[in-house]
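Chain lettering (A, B, C and D) follows the sequence in which the chains are written, and residue indices restart at 1 in each chain.
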Amino acid sequence: MSKLKVTVWNEFRHEIYDESIRKIYPNGIHGAIADFLNKEDGIEAGTATLDEPQHGLTDDVLNSTDVLLWWGHIAHHEVSDDIVEKVFNRVVIDGMGLIVLHSGHYSKIFQKLMGTTCSLKWREIGEKERLWIVAPAHPIAEGLNEYIELPHEEMYGEYFDIPAPESLVFVSWFAGGEVFRSGCCYTRGMGKIFYFRPGHESLPTYYNTDIQKVIVNAIKWAAPKKHPKITYDHVPVPLENISEWKSGNNE
Amino acid sequence: MSKLKVTVWNEFRHEIYDESIRKIYPNGIHGAIADFLNKEDGIEAGTATLDEPQHGLTDDVLNSTDVLLWWGHIAHHEVSDDIVEKVFNRVVIDGMGLIVLHSGHYSKIFQKLMGTTCSLKWREIGEKERLWIVAPAHPIAEGLNEYIELPHEEMYGEYFDIPAPESLVFVSWFAGGEVFRSGCCYTRGMGKIFYFRPGHESLPTYYNTDIQKVIVNAIKWAAPKKHPKITYDHVPVPLENISEWKSGNNE
Amino acid sequence: MSKLKVTVWNEFRHEIYDESIRKIYPNGIHGAIADFLNKEDGIEAGTATLDEPQHGLTDDVLNSTDVLLWWGHIAHHEVSDDIVEKVFNRVVIDGMGLIVLHSGHYSKIFQKLMGTTCSLKWREIGEKERLWIVAPAHPIAEGLNEYIELPHEEMYGEYFDIPAPESLVFVSWFAGGEVFRSGCCYTRGMGKIFYFRPGHESLPTYYNTDIQKVIVNAIKWAAPKKHPKITYDHVPVPLENISEWKSGNNE
Amino acid sequence: MSKLKVTVWNEFRHEIYDESIRKIYPNGIHGAIADFLNKEDGIEAGTATLDEPQHGLTDDVLNSTDVLLWWGHIAHHEVSDDIVEKVFNRVVIDGMGLIVLHSGHYSKIFQKLMGTTCSLKWREIGEKERLWIVAPAHPIAEGLNEYIELPHEEMYGEYFDIPAPESLVFVSWFAGGEVFRSGCCYTRGMGKIFYFRPGHESLPTYYNTDIQKVIVNAIKWAAPKKHPKITYDHVPVPLENISEWKSGNNE
C-alpha cells in the first residue's frame, strides 16, 4: 500500500520572532509535527509555510497531498484568497483531508468551510486541560485512554461558534472553569475535516504522545477514499421512461 | 404578541423579461409569497428585490427583519458582497432566520453559510414531484399529510453538495428516477436556516397551499429567540480559584 | 390557547425514608417541580408516583398528558414493564414529550428509548457544576445566560453511554475534573425527548430559577405538534402508474 | 493483519419452505452472502441460523465475531430474548459491528438498539429501485457509482420509524412513487450499526456485485477498533485537588 502524503502547513512566525517559542519548536511547529508523522509506517509528511512562494502550497504540492494540516495564528489575513480557494476545492471537490489545529480555528479556510465566525473564548495562563472522549467508538479515539491530560495549555472556552459537529470526539475540561468541544469532525463535499484544539505555540503540546496519536488517527480517518464520481448540472434525458409529466400544461 | 417581520427577497428578473413567467407571477414571486404570508395572523411580510438600491436590503430593513426569504436564479453574481456580508452577520451573530428557496441553492449567501459548492443535478420537463416527510415530529411538518404532491416541477437530483442537514424534513421523489433532500435545517451561530427545494419560476408552485404551509411553518421555526448573550475572546481572570497551573513553568 | 398538560412522575422514596431529603423537598421532588410549573401561564401540571396504583400513570392520565417528566433513582426495577410499554407508545406513536431528569438516566423508559446502557460516572461530594450552553440558538437555551452555575451538585462524568444527541444544548464542567453532556435532545417516532442532568435529591437544585427556566423551555420544545398521520405496512396499489416492473420475471 | 471474523445470521425459513425461493438461494441467503464474503482477502465468514441450538450464536461464536449480519423476516418472535440480550451486549459493550439487512428492520435486536418501532411501508410487485448516494465521502460508498440500480425489488417506503441516522448514505427511489432511507449508520456504545435495505428473499439481490460491495464496505466500517477502556459508576476520589465544594453545607 502506498503511503499517505501529508503536508503540514504552518504560519511559522512565532518561532522566528520569539526566542522562547523557538526553544520549544526549534524547527517550527511544522517541523515537530512532520517529525513524528514520518516515524509512522504509512505516512510520508512534508511541510509548507506562509512565507514560501504560494505559501508553499503550489499546485504540485496540493495535488499530491492526501491530508493537509493547518496551524496559523497571527497572520491569517496574510494567507492569499487564491490559495484558500485552491485548498477549498481540493477538500470539497477532490476529497483531500484537512486537519485544523488550535488557533487555526480563525483561519480563512476553516471559516470558509464552516460558514460561521469560529469565535471562542481564550485565556493564556497555562492551566490544566483534560480532553475527555465522548465518542469512544470513533476511529480517532482508537488506542487512547478515557481522557488525555495536558498539564499546561491555553484555555479555549465555549461558546465556540461552529456548526454542530457531525461527530464530537473530545470535550475539554479546563481548571479555570470552562469546557470546549475540542475534537470536531465534519464532511464538506468529498472531503473530511477534523478540528483539534490543543497546540499552543508556547507549550510543548505536540511532543505529547497522546496528542500525536490523535493526529495520526485523524489523518487516517480524513484520508481520501475512492469516492463515487459525481455528475452535476443538466440531466437532459429522464432516467426513467415516464409519461406522467406529458399530461402537464407547463412544458 | 408582536408579529414576525418577514422580508421576501427576490431576484425579480424572470418575471420582467419573460411574459410566460409574468403571467404566473404578475407581481413577482416575492409578491405571491408576501401575499399569502400577510394572510397569516402572526406575520407581517415585506419584499425586497435585486434592482432596488442595496438590493432593497438597507440596514433599516435588515435590522428589523426576523426572517428573510431568498429566491434567486440567474443573477446570483450581481448580488453585492457587502450585502451578503450583512445578511451573513444578521443570521450568524444576531439570529435572523433565513429560508432559501429553490434555485437560491446557488446564491452567495447560501454557499457562504454551507461551506460547500451547493451543486446538484437538474432537469426541466415539468415532471411529477412528491415530497415525502422523513421527520414527522419536526415543527416544519406540522399539519401536513405524509407527502406533498406537485404535478409538475423542475427536477433537482442528488448528489446535492451540502453538509448533512441537522434535520432532514423532506425527501423528494421525481418521476424521472431521482431523489433529493428537499427540506434541510441548519444552525449557524445564533441563526436558523431552512433550505426548501420547490418553486421553479415557470410553475405555479407557490400557490400550492401545502407549499405555503411549509413556508409558514419554517418561518415560525426560524424566528429568532432571545438567545444567551455570548462573550468572546479574552477571559483574563480564571473563573475558578485555581492553583494547579501555578506550578507550571510557562507563565 | 389551551394549556399544556404536564405530568411530573417521581419515584418518591428518598423523600419518605430520609429526613434530610424530606427537609429539602417536603412535598417530594414532584411537588417542588409541579409547583413552579403551575406558576407558568401556559402549563397545567399534575403529579404521579411509583407507589400509586399503576404508578399513577393510568390510561386516563397518560392519554391526557402532553409532556411527562421522569425522576427515578433507587427503584427503577420496580417500575412495571407494562407501564414502560405504555409510556413508550405514548412517546413514539402519539408524540407525547418526555423529559428525563438526573438519575432517570438509568430508568427503563430512557434505556428503551436510547438503545444503550446509559451508564456514566458519578461522585457525590457536592462540588461545583457549571452548565455551559453549546447551542445558544436552541429554544431550550432561550433567555438564559452563557452558563448556569450550581454551587453544589452530584458529579456525573463521561463517558455517558447514550447515542450522540440530535442537539447537544449543555455541557457541564465539574470542579473535580470531569465534563458531561448535560442537556441532550432526541426524537423517537412522533415524540421528543430531553435529558437534563442536574437534580440530585439531597440538594435544592429544583429551586434554582435557571434550572426551572430550562425545564419550562424543554416542556415547550417537547410539546406534541399536530404531526402528519403516518400509514404503515402494506401499500397494495402502486402510487404511480408504472410499467417498468411488469417486464420483470419475479412476479 | 488477521482477518475480520464475520457471522452471517439468517432466519433460514423461506428457503426451506418455499421452492421458488430455494431456487434463488439454494444454500440459503446466509450461504450466498458468506460465499461472496469469503472471496474477500480480509474476511472470514461463517453462518448461523435460527433453528440451530442457541440460533447458532453460542458464546464462542459471538465472542469471536467482529461483525454480525442479520437477516430475518417471518420468525422474529422466535428469536430468544436471551440471545438478543447477548448480541446487544456484544455490540454496545464490546463493540461488535452489526449489519441489519432488509426485513431485519423488524428484528428484536434492531428495535432494541433503535428505541423506535422501525415500522415502514412495503409493496411487493418487484418494481425498479435506485439507491442514490447522498454521502459520497462515506467509507461505505467507496468505489461505487452515483447510484445502484436494482431492476426488481420489494418496495420499502417512508415514513421509516427510526432515529435520524448519524450518517445517511443511501436514499432509494422506487418506480411506484416512494423514497426510503436505505443506508443508515448508527453508533451504540462501542458498536457500529448499519441498516441496509435491499435483499428481498424472492429476488437475486445478494448476487448483485454493487450490493456485495456495499456489504463488504459496511463490514470494514463496522469492524471494532481498539476503543478506550471506559470506567463507569463511582469515582470516589476527586480527580482534581479541589477546595470549592468544601464550603458547601450538603456534605
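In the analysis below, a contact is a pair of C-beta atoms (placed from the backbone, for glycine too) under 8 Å apart; a residue touches a chain by one contact, two chains touch by 3 or more.
Note that the coordinates shown come from a computational prediction; the quantities given were computed from them, not determined experimentally.
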Distance-maximising chain from subunit D - centres being C-alpha averages: B
Centre distance in Å when subunit A and subunit C are each reduced to the mean of their C-alpha atoms: 36
Whole-Å separation of chain centres (CA-atom averages), subunit C against subunit D: 28
Whole-Å gap between the CA centroids of subunit A and subunit D: 31
Junction residues of subunit C - those touching two or more other chains: 128, 130, 133, 135-136, 146, 157, 159, 164, 166-167, 175, 177-178, 187, 189, 228, 230-231, 239-240, 244
Category of the chain touch graph - line, ring, star, complete, other: complete
Residues on subunit D engaged by subunit B in the complex (per definition of touch): 130, 132-136, 146, 157-160, 164, 167-168, 171-174, 177-179, 181, 240-241, 243-244
Residue numbers on subunit A that touch subunit D, as the complex places them: 95, 128, 130, 133, 135-139, 141-146, 166-167, 175, 187, 189-192, 225-231, 239-240
Residue numbers on subunit C that touch subunit D, as the complex places them: 92-93, 112-117, 119-123, 125-128, 151-152, 155, 157, 159, 161, 163-164, 166, 175-178, 186-189, 202-203, 228, 230-236, 238-240, 242, 244-245, 248, 250-251
